[in-house]
Structures are given as structure tokens and as C-alpha cells.
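In what comes next, chain A is part of two complexes: it sits with chain B in the first one and with chain C in the second one.
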Partner chain A sequence: MNAATQKTGKMKVRGASAREAQAGFSLTTPYFIFFGLFVAYPLIFSFVLVFHHWSIVGPLEWAGLNNFKELMGDGLFWRSILNTLYFIIIHVPLQVAVALVLASVLNSKIPARGFFRAAFFLPVVVSGVAVTVLWRQMFSTNLGIFNQVLQLVGLGPVPWITDVGWAMPSIAVMATWKNVGLYVVLFLAGLQSVPQQLYEAADMDGATSVQKFLYITVPAINPVVVMVLILSTLNGFSLFIEPYVLTGGGPMNSTLSGVLYVYRQAFQFFRMGYAATIGFALAAVVMTVILLQRRFAEREV
Partner chain B sequence: MKRWTIGKVMLILLLTLASISFIYPFLWMMGGTVKPEAEVMNFSPFGSTFTLDSYKSMIEKIPIFRSLFNSLLVSVISTASVLLLCSMTGYALARLKFRGRNTIFNIILFTMVLPFQLTLIPLYVLMVKMGWVDSYMALILPYTMSPFAILLFRQYFMAVPQDLIDAARLDGLNEFGILFRIFWPLSKPALITVGIIHFMGIWNEALWPLIVIRQESMMPMPQMVTLFAVGGQAESQVGTQLAAAAIMTLPIIVTYLFLQRHFIASMATSGLKG
Partner chain C sequence: MRQKVAYWAVMLTALLFAAMLSLSCSGAKRSTRGEGVRLTYWPSSNPHEIDLARRLVAEWNEAHPDTTVVLQPLPEGRSGEEVLIISAAGGTAPDICSNVSPVITPLLAKAGVLVPLDDFPDGRQVMDERMPDGMLDNFIAPDGKLYQVPWKGNPIMVEYNMGILKRAGVTDLPQTWSEWDEVAEKVCQDWNGDGRQDVWMADINIIAEWRQRLFDFYPLYIAATSGSTLLTPDHQIAFDNQATLEVFNFFARGFREKWYARSVYVGDVFLKGYMAAHITGPWNIAHTERFKPKGFEYAFGPIPVPDDYEGPVYTFGDPKSIGIFATSEHPDAAWAFVRFLISREADLGLLETCTQFPLRKGLLEDSLFTDYFEQNPVMVQFAELVPQTRGFDQNPALQEVFDAINAQFDAACIQGARDPKLAIEKAVKRSKNILDARGF
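On to the complex of A and B.
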């Protein structure tokens, strides 16, 4: 290759890279607009809102740190955080346990695996609203089919969603039923990636199936477990439509979730500044819990 | 050998019981919509007679077809927009060198971990200021792009051989041409995954419409069904509530039955975003 062609070659590349940069800018313009309008603006405005009182009509009223002061002393806010954590503490381990059992069974050589997997996944694709409207009827204390079944064996009736003690666990069970199929699929993928030789070697050493599960399967799928924990915790913090439809946050605020409380302050009492402050605090709790989970999980790996 | 068989039978029994518990409630719901009102709460999904009274009374009480139309319109437009705009962004991030590329990438990663609780109220305020409350704008615009879709496209596009791009440039194709004529046909799995996840997400979204829509004629299905069930309009007629839920559920279940594999694979991918 002589010097002349090398030179034109370089010039071509430079011309092309200018064109490439141009294309890069124009192809990412929609994202810039989207980001500015629907992420950056709300993010910045949330910092403005938390220092103001505002009923959406009329001007913003400077509130200083009053929203935060009110938050600290607001029993309902703390109640909603505790309720959400309570939901997560029941829902997440239940979800992981049920998903892990179903996925392990599915992973053994069993006929009609595809059918079972599809059946478990069915509630995942259905809207949460439809599921909740349906379960509201099944939960009915006097007429619901759960209590009909219990009556057959001489138990009940259980006040599933009308009792302070029962309501949140009932919602957690329903949410598990709705989502568990997704986690079965995730665990199944994890289980199938465990090298078969490990099990064969363990068989030769005379390991029991419990030992194999504890010492081979669990460490191998640990990353999936961490992912499932984080995903279902995030899901737990967005709990809204289930209590909204089932209980309205009752009885006696026992199912008032964080997001439901934000919604209530904003759209029943029109207190945008305070609602934004609750959202702010809620986001801080979410971030903290997820970070703790990550750190804990990383140490485990 | 025999013990092994018994074990296997037990496992199949367990799986069968589990699948019944996942399927039966939907059968019960569908049955409940065509039973006489007095029998809706019976355990059996079959009633003494077949009747469409619940559907009739539901249609009289709420503009369900308008709502179905709203849901379809919003889901289709925003899904199309996500496929188009996010594949453009993903392509630029994966295959074009330009200043600021890493910054955009980091911004997208940052928005993925941003809890929605933080921006929910200010986003509503934006809708009010723009005059978008009670309009399709409010339902569609915040869902025209998704960081998850951009990252998925980016990852998928990085695997396409550079030779194809160079050859296409020599043929005089511009970047849009390369994206739509070369990358799109090669990326059907990514398009299907993003399409399914996003469509389902919008179709099932209830919180956002409850915030930005007040007018009945603008409500998408999840909001309509929610307000119908909790708002007392159904007058404790369980059959009509179930009928409304069924209308919302059936299109998804039917699609799911046909595209089951795609649904499961796609949503398992979406799980990986965490």
C-alpha cells in the first residue's frame, strides 16, 4: 500500500466518523427529549416539591423542612412502611421457597413438563386488577370458595381480608400465587445450567439427594436467588393495586402500603408536597434495602 | 425400582395439584360470568343454566368497549414507539462512535435503578402543567421509551458482525437503512421480547391511569375494572364484576395460549433486568 492510498483511506475514515457521530446524535435525540421531560424534570421538581405545600391549584407555598418534620411524626406513614416491610417479609421467602420447590420438581425428568410450566405461568400474564377482583370474591368470609373448602373439613370461616391480623398475609399469599410462575421459570433456567457431572461425581461419593441439593444446587443457583430476592423486594415496595382493590388499605390501616399512602395524600387530600415527600422517603427505603441485599449477597457468593 | 416409581408418582401428583390451583380460579371466574347471579359463588364453575345476563348488565353499566379500545390504542402506540425509538437508541449506543455515548449509557443505567416512587407525583404535576390530564397523551407519552428496552437492543446489536455494516455503508445505506433493513430482520427475538414485555406492562398498568385519568370515556381497562369493582357501581353483583375482569383477561390468555413459549422466554428475560 503506498502513501497516497493510505492518506485517502484515512480521510475516508475521518469523513465516515464525522457522519457516524452525526448519526449517533440524531438517533439518540428522542432519548434526550424523553429523559429531559419524563426523568430529569420530575426528578428535579421532586426536590422542589418536598420543600413546599401545594394543592395543585394556586401557587407553591414555601414549607421549609415542615414536610419532613410532619413525616417523622406521622404514625400512618410509619405504619405504611412497616406494613410494606411486613408484606415483603412474608411474600419474598414464601415466593422463593415455593418457586424453588416447583422448579426443582420440574427439573427432574417428568412427563408434561411444558404443560406444568405453562400452567404455573398463567397468572403472571394476567393483569393484577383481574386477579385481585377474582380473589376478592374467593376471599369472601361468608360466601368465598376458600371458606367453602375449609367448611368441608370442619374449619373456618376465616376472615381473610376483613381481619387486621389476616389481611396482609392474605394479600401476600395472593401476590405469591400471581407471581411465582415467573420465578419458577428463572429458577428452572438456573437449575438447568448446573453441570450434570457434579451430580454424577456426588453420586459416586454416595451423597444423598438432600446433600446434593444443599452442597451442589444451592451454591450453583445462588446468583439467581439473589436476583429473585431483589426483584421480588422491588415488587413488594410497589404494592398498590392489591390493597386498593381488596381492602382500600383497611381494616384499620393494616394493609395501607407505602405507595397507597402516597396516592391517598396526593389524590384524596391533594397534598402534593407531602405526597412527594413520602415518595422521596419511600425511594430512600427502597434503595437502602436493595443496597443491603446486594452487599449481603455479594459477601455470600 | 418400585420406590422410585412411587416417588415419581408423588411428584407428578404435587405438580398436578399445583397446576389445578393456578388454573382453577380462572375457570371459576369464567364460569361465574355465565352462571345465574344466585349461583356465582358456588364452588362449581358450572351453573344450572347458561346466561349472559352478567355481561349484559356490565355493558349497560360501564362503557367497556370504549375502555377496551382505549387500552388497545394506548398499548399499541406505546409499544410501537418503544420498538422504534429504543432500537434507534440501542443501535447508536452499540455501533456508533460519538461523543457523549458513555454518558448516555450511564444515564440509562441510572434511570433503571431509580425507584418510581420518587418521580410519581412530580410526573403527575408535569401532566397537569402540560394540560395532558384526561388525554391519551398522559397515558402514552411517559411510556414511549424504556431504559430496559434500550439496554436489551444495545446488547443484541453488539453481536451483529461489523462486516454487515461496512458492506451496507458501501452500498450507500444510511444509518436508518442499516438499522431497519439489516439489524431489525436479524433481531426478531429482541423485538418480540421487548414487544411482549412492554405491551403486557401497559395493558395491565393500573396505578398511572388512576392518577391521570378522571373521565370515564378515557379510562383503560384496568382502571375501569378497578373502579367498577370498588366503586359500588357493580352493586355487589359479583357476576358483573367477574365479567368485567374476564373481558380484560381473555385477550391476554388467548394470546398467551398461542404464543406461550415467547411469553415465558420474554418475561424471563425481563427478570434479568434487576
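On to the complex of A and C.
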């Protein structure tokens, strides 16, 4: 290969990579425009708002660190964080356990398996507000179906969402029912990737079903468990529709979630600066919890 | 090939983006397009008010070919306040809206979103002539200007299921708290013998949202204080008083005795016969007439007052105003249309079509309305109450003050978990902090 051919080859390569770069740039530009307009700009603007008072109409008023000072002394904010964590503590283990059990059942050879798989996924695609209104009727203390059934066996009535002690657990159960289908699908995918030889070997060693589940299935799908833990925790932190429609954050602020408190400050009291401050504080709590979760839950198989 | 794909991908995205932008801006353009003046008018999304607005706009457009009004019902949202503020922020506010809650006018006024009526030569004079004596003061902004046209009010009263009352042997509607309690004891029973209470005195909404307190705590507070609102004219706390404590005790007693159901059932529990009473406004007459079961009898009574109360009974007026937005390119034309909306004839339409009350003095004496009141005697008692209604203090932090009261009402009355006196002290303290932080 002489020098001229080498030069032409290099130019071709350079020309090709320039074209590739151009194509890559063209293809990613729409995403960057979208990202800039709908992610980066709102994020930066929200951060600016943290240092301002703003009623959404009218000019920004410089607030310095006043929003932070207010946040530190705002008992309702801390209450909303504790409420959200309480919801997550009930909801996430329940979600993982129920989803895992259902996925195991749906992974075995049961009649009408396709129907049940679709049925458990159905609530995921139904409107959250519609589902919540339906549950509100069922939760009704005097006229709801749950208490009507309990009455038949001489129990109740239970103040499902009207009592401080019952309200958040009731919401957690409802949220679990609503979202479990999504996690069942994830677990099903995980379960189907576990090598059958492991079960066959365990059968030869005389392992019971429970032993196979605990010592083969669970370790093998650990990455899926971690993913479900993180997703359901994130989902838990975004708790909004259920308390918004069911309880309005009551009784006695026992179901006031962090996101509902942000909404209340932003769109009921039009205090955008303070709402943004709560939003960033909430994001910090979410990041801390997720990091801790990854630290303790992730492990090699 | 790859370049072509990239080219078309970019072009398609740009086209989509341009289409979205064009669609989002089309609303703003519409008001300036075409010949002559074009005004956008948002009435409430309530079907009765849309019917009235359609008729009035058609009449106006026929009589004023140079000023065309385009009607668009208020977009749906959790609340009209939320929708209006967001539309003002987004630059998509109409020229005129007739569903402006006086709760948000101080905020809108402070931000320069509304045109003060003081800008029109006859603005204040028209309102002084229209409004019942002394009522206009309730709508003046902290800067002394009037940013709204107080249009209509709905005196809040108590609607009773007369069938339930008769079955319990009650013949007279309760006027005082003691009488209310006596009726409650009689009606709250296990009537079908299944061992469980099946009728309650009233459906007090237990959702912890400040708006719900407009239909329990607030009317009773206004009645017990002979027409006081939550703040003084100089924006200080006015509810730190014995009347607030007594109102809290009144509701706490009712929840304790199970006269009010701690339930969240979605549906008309009043018409279904579970509740003996319902605190509501005249708009509910049309609803009751339309959906009542066969043989259902109802009557309206005043908001109950303390036993030693003397004088006329005041109540919450649930007022709504008309606002002219500062983004309007034709404020004078908008004001002319607003004067048409509050004319005597239009006010009669408001009564006939919407069963809602124009905030107009001398309604019962005006010959134009005589036939209407003769044909609708139930509306006379509401009309008599109009001058005795109160609305909202014109303070931008009022919703937060209401929320502070709502939180304590929830704890002390609904849940019975806090001493009412302590609850009110907490509400007062929080409200003072809120007002201090806003510079009042």
C-alpha cells in the first residue's frame, strides 16, 4: 500500500466518521431539545425558585434562605416525610412478597394461567383516580362492602380511612393491589430465566418446594428483587393520588404524603418557592433511601 | 441512507414541535383575529351557567356586531381558582371570567392580573348602585381598589329531609343549637331494626380540605358571630373568640354522639335517605327536584344559632365574581360586556336558569323579579338572606388561614382527639405566623 492510497483510506475513514458523527448528532438532537425543555429547564428553574417567593403569577421575590428556614421549622413537612416512610415500610415488603408469591404461582402450570396473568395486570393500566374512587366506596365505614362483609361474621365496622391508625395501612393495601401486576410481570421474567437444571439437581438431592424457593429461586432472581425494591420504593415516594382522592391527607394529616404536601403548597396556596424547596428536600430523602437500599440489598449471586 | 434517515427524523420532530406550538398558541391568537373587537368569555363549567352564558352571549353578539364575544366554559380542574391562576401564568387567560372566587382575587390583584374597576369612570358607581348596602366593603382589596365585580351569591342554609323528621316526630325545623341537638337525638336511630344506626343528622364532609369547612364550620361561625369573618379589616385574627370555641364544641359533640357519619361514601346520601339534613345553597334545589325519589319532601331552614342569640341570622354567601383580565386588549369593551352580564334582565336569567342569586339590592321589591318569586316561593327565604351573607376576607393568605382551622377542626371535632380550646389556640397561632410571614 503506497502513501497516496493510505492517505485516501484515512480520508475515507475520517469522512465516514464525520458522517456518522453528523448522523448521531442529528438523531440525538430531538432528545436533547426535549431534555432541555422538559427536564433541564424545569429542574434549573425549580432550583432558582428555592431562593424566591413566587405565586406563579407576578414577579419572583428574592427570599434568600427563608424557604429553608421555614422548612426546618415546618412540623407538617417532617410529618409528611415520616408518613411517606411509614407508607413505604408497609407497602414495599407487602408489594414484593405478594408479587413474588403471585409470580411463582403464575409461573407454575395452573389452569387459565393466561387469564390470571392478564387479570392481575389489569389494575396497573386502569386510571388511578377511577380505582381510588372505587376503593373509597368500598372503604366507606357505614355503607362500604368491606364492613358489610365483616358485619356478616359479626365484626366491624372498621374505620378504614377515617381513623388515624387505619388510614395509611389501608392506603398501602390499596396501592399494593393497584401496582402488584407490574411487579408480577418483572418477577415472572426473572423466574423464567432461572436454569431448570438447578431445580432438577435439587430434586435429585430431595429438596422440598420451600427449600427450592428459598435456596434457588430467591438468590437467582436477586437482581430482579433489588429492581422491584427500588421501583416500588420510588413509587412509594411519589404517593399522591390515593391520599388526594381518598382522604385529602387526613385524618389529622396521617396520610399527608410528601408529594401531596408539595401539591398543596404549590397549587392550593400558590407558594411555588416553598413547594420547590420541599421538592428538593424530598428528592434528597429519596436518594438517601435508594442508596441505602442498594447498599444492603444488592449482592452477587 | 443514514443521513436521509437522520434528516427526516429531525424534520419530523421539528414539524411535530411546530404543530404543538401552533396549537398551544391558537387560543391566544383567537381573541385578536378577525374584524372588530373579539372578547373571550369563560363562564363556570356548570351546565346551567353554560346555558345562561350561551343565551346572553347570543343576545350580546346580535346587538353588538362590532364586539364579538367568544364563549368558552372554564376548563375543568380540581378547582376554578387553580385553573384561573395557571391560565393567567400561562398567558392564556380570557378577557372576562364569571367564575372568579373572591378567595383568589387578592393574589391576582397583587400580581396585576386583574383590571381594577376603579380604572373605568363609572366602575365604582355601578357597583355601589347594584350591591346591597355595606356588602361591597367585603370585596375591596388591601390596596383599597376593587378588582372584581361581585356577581352572585348563594346563601347557605340547611336542607331537611321532611320524611325523616316526621317519622321522628319533629314538626318544627330547628333554629338554635339546642333544638338541632334535640332533633339529632330523635332522628339518629336504628330504624330498620338491624342493630345498627341507619340515619344520621347531617352529612358533614370529613375530608381534610379547607374548602369543606365552607359548608360546616364557616356558616355556623358567621351565624354565631352576627356576621363576622375570620379576619379584621386590618388583617388581624378575628376568630380568636368564644363563638369559635362554641362552634367547635357543637360539631365535636355531634361527632362524639354519632350524629354525623365519619364516612367517605361517594354519592348523594341525603337523597338516599341516610341523612336528615344537608348544609347547602339554593343551587341544590334544582338537583333535589331532578333526582329526588318519589314522595321525597324537603324544606330549607336557617343555619342554627346559639340558644341566646338575638337578631337577624347571618350566613356564608358563597360569592362568585366576574373578573376582567389585564391581558385583555379591549378592557373598555370587556367592561361594557360585564355591565350587560349584571343587568337586571341578565340577573333574572341567573335566577331562572341557575337558581343562583345576583348580588343586587332590592331583589324582592323589584317588579321585574316579582313573578319569579311568586312562582318559586322557596327562593324567597334565600333572597331575604342575601343582604345577611358574608364572603371572604380579602387577604392573599386566607386559604392558608382556612387550612389552619381545617386541620384543627379535623383533630378536635371530627376525630375528637384534641380539646377544642387547645385546637383553636393552635389554629390562631399558626394563622398569626402565616399572616406575619406575609407581612400583615
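Annotations
Everything below uses one rule, namely that the second predicted complex is superposed on the first by the 281 of 301 C-alpha atoms of A that agree within 3 Å, B and C clash if a C-alpha of one lies under 4 Å from a C-alpha of the other, contacts with A are read in each partner's own complex, and residues count from 1 in each chain.
As a convention for this text, contacts are C-beta pairs under 8 Å (C-beta built on N, C-alpha and C of every residue); 3 or more make two chains touch, one makes a residue touch a chain.
Computed from a predicted structure; not experimentally measured.
With chain A as the common reference, chain B cannot sit beside chain C without a clash.
When chain B and chain C are set side by side, the one touching more residues of chain A is B. When the shared chain is aligned, no partner comes close enough to touch A:215: not chain B, not chain C.
In the superposed model, A:133 lies in contact with both chain B and chain C. When the two complexes are overlaid on their common chain A, residue A:296 makes contact with neither chain B nor chain C. In the superposed pair of complexes, A:251 makes contact with chain C only, with no contact to chain B.
Contacts of A:30 after superposition: both chain B and chain C are touched. In the superposed pair of complexes, A:143 makes contact with chain B and with chain C alike. In the superposition on chain A, contact is made by A:20 with both chain B and chain C. Of the two partner chains, chain B is the only one that A:42 touches; chain C does not reach it. Contacts of A:268 after superposition: chain C is touched, whereas chain B is not reached. On chain A, the patch touched by chain B and the patch touched by chain C overlap at residues 20, 22-23, 27, 30, 56, 133, 136-137, 140, 143-144, 248, 267. Remark: chain A residues 16-17, 20-25, 27-28, 30-31, 34-35, 37-39, 41-43, 45-46, 49, 56, 102, 105-106, 108, 110-111, 115-130, 133-138, 140, 143-145, 148-149, 177, 181-183, 185-186, 189, 227-228, 230-231, 234, 237-238, 240-241, 244-245, 248, 258-259, 262-263, 266-267, 272, 275-276, 279-280, 282-283, 286-287, 290 touch chain B in the complex.
Against chain C, in their complex, chain A makes its touches with residues 19-20, 22-23, 26-27, 29-30, 33, 55-58, 70, 133, 136-137, 139-144, 151, 159, 161-162, 164, 246-253, 264, 267-270. Only residues 2-3, 5-7, 9-10, 13, 17, 78, 82, 85-86, 88-89, 107-108, 110-113, 196, 206-210, 212, 261-267, 269, 274, 396-397, 399-400, 403, 407, 410-411, 414-415, 417, 437 of chain C touch chain A when the two sit together in their complex. Remark: chain B residues 8, 11-12, 14-15, 18-19, 21-23, 25-26, 28-29, 32, 40-41, 43, 85, 88-89, 91-93, 96-101, 104, 107-108, 111, 113-126, 128, 141-142, 144-145, 150, 169, 174-175, 179, 200, 203-204, 206-207, 210-211, 221-222, 225-226, 229-230, 238, 241-242, 244-246, 248-249, 252-253, 256, 260, 263-264, 267-268, 271-272, 274 touch chain A in the complex.
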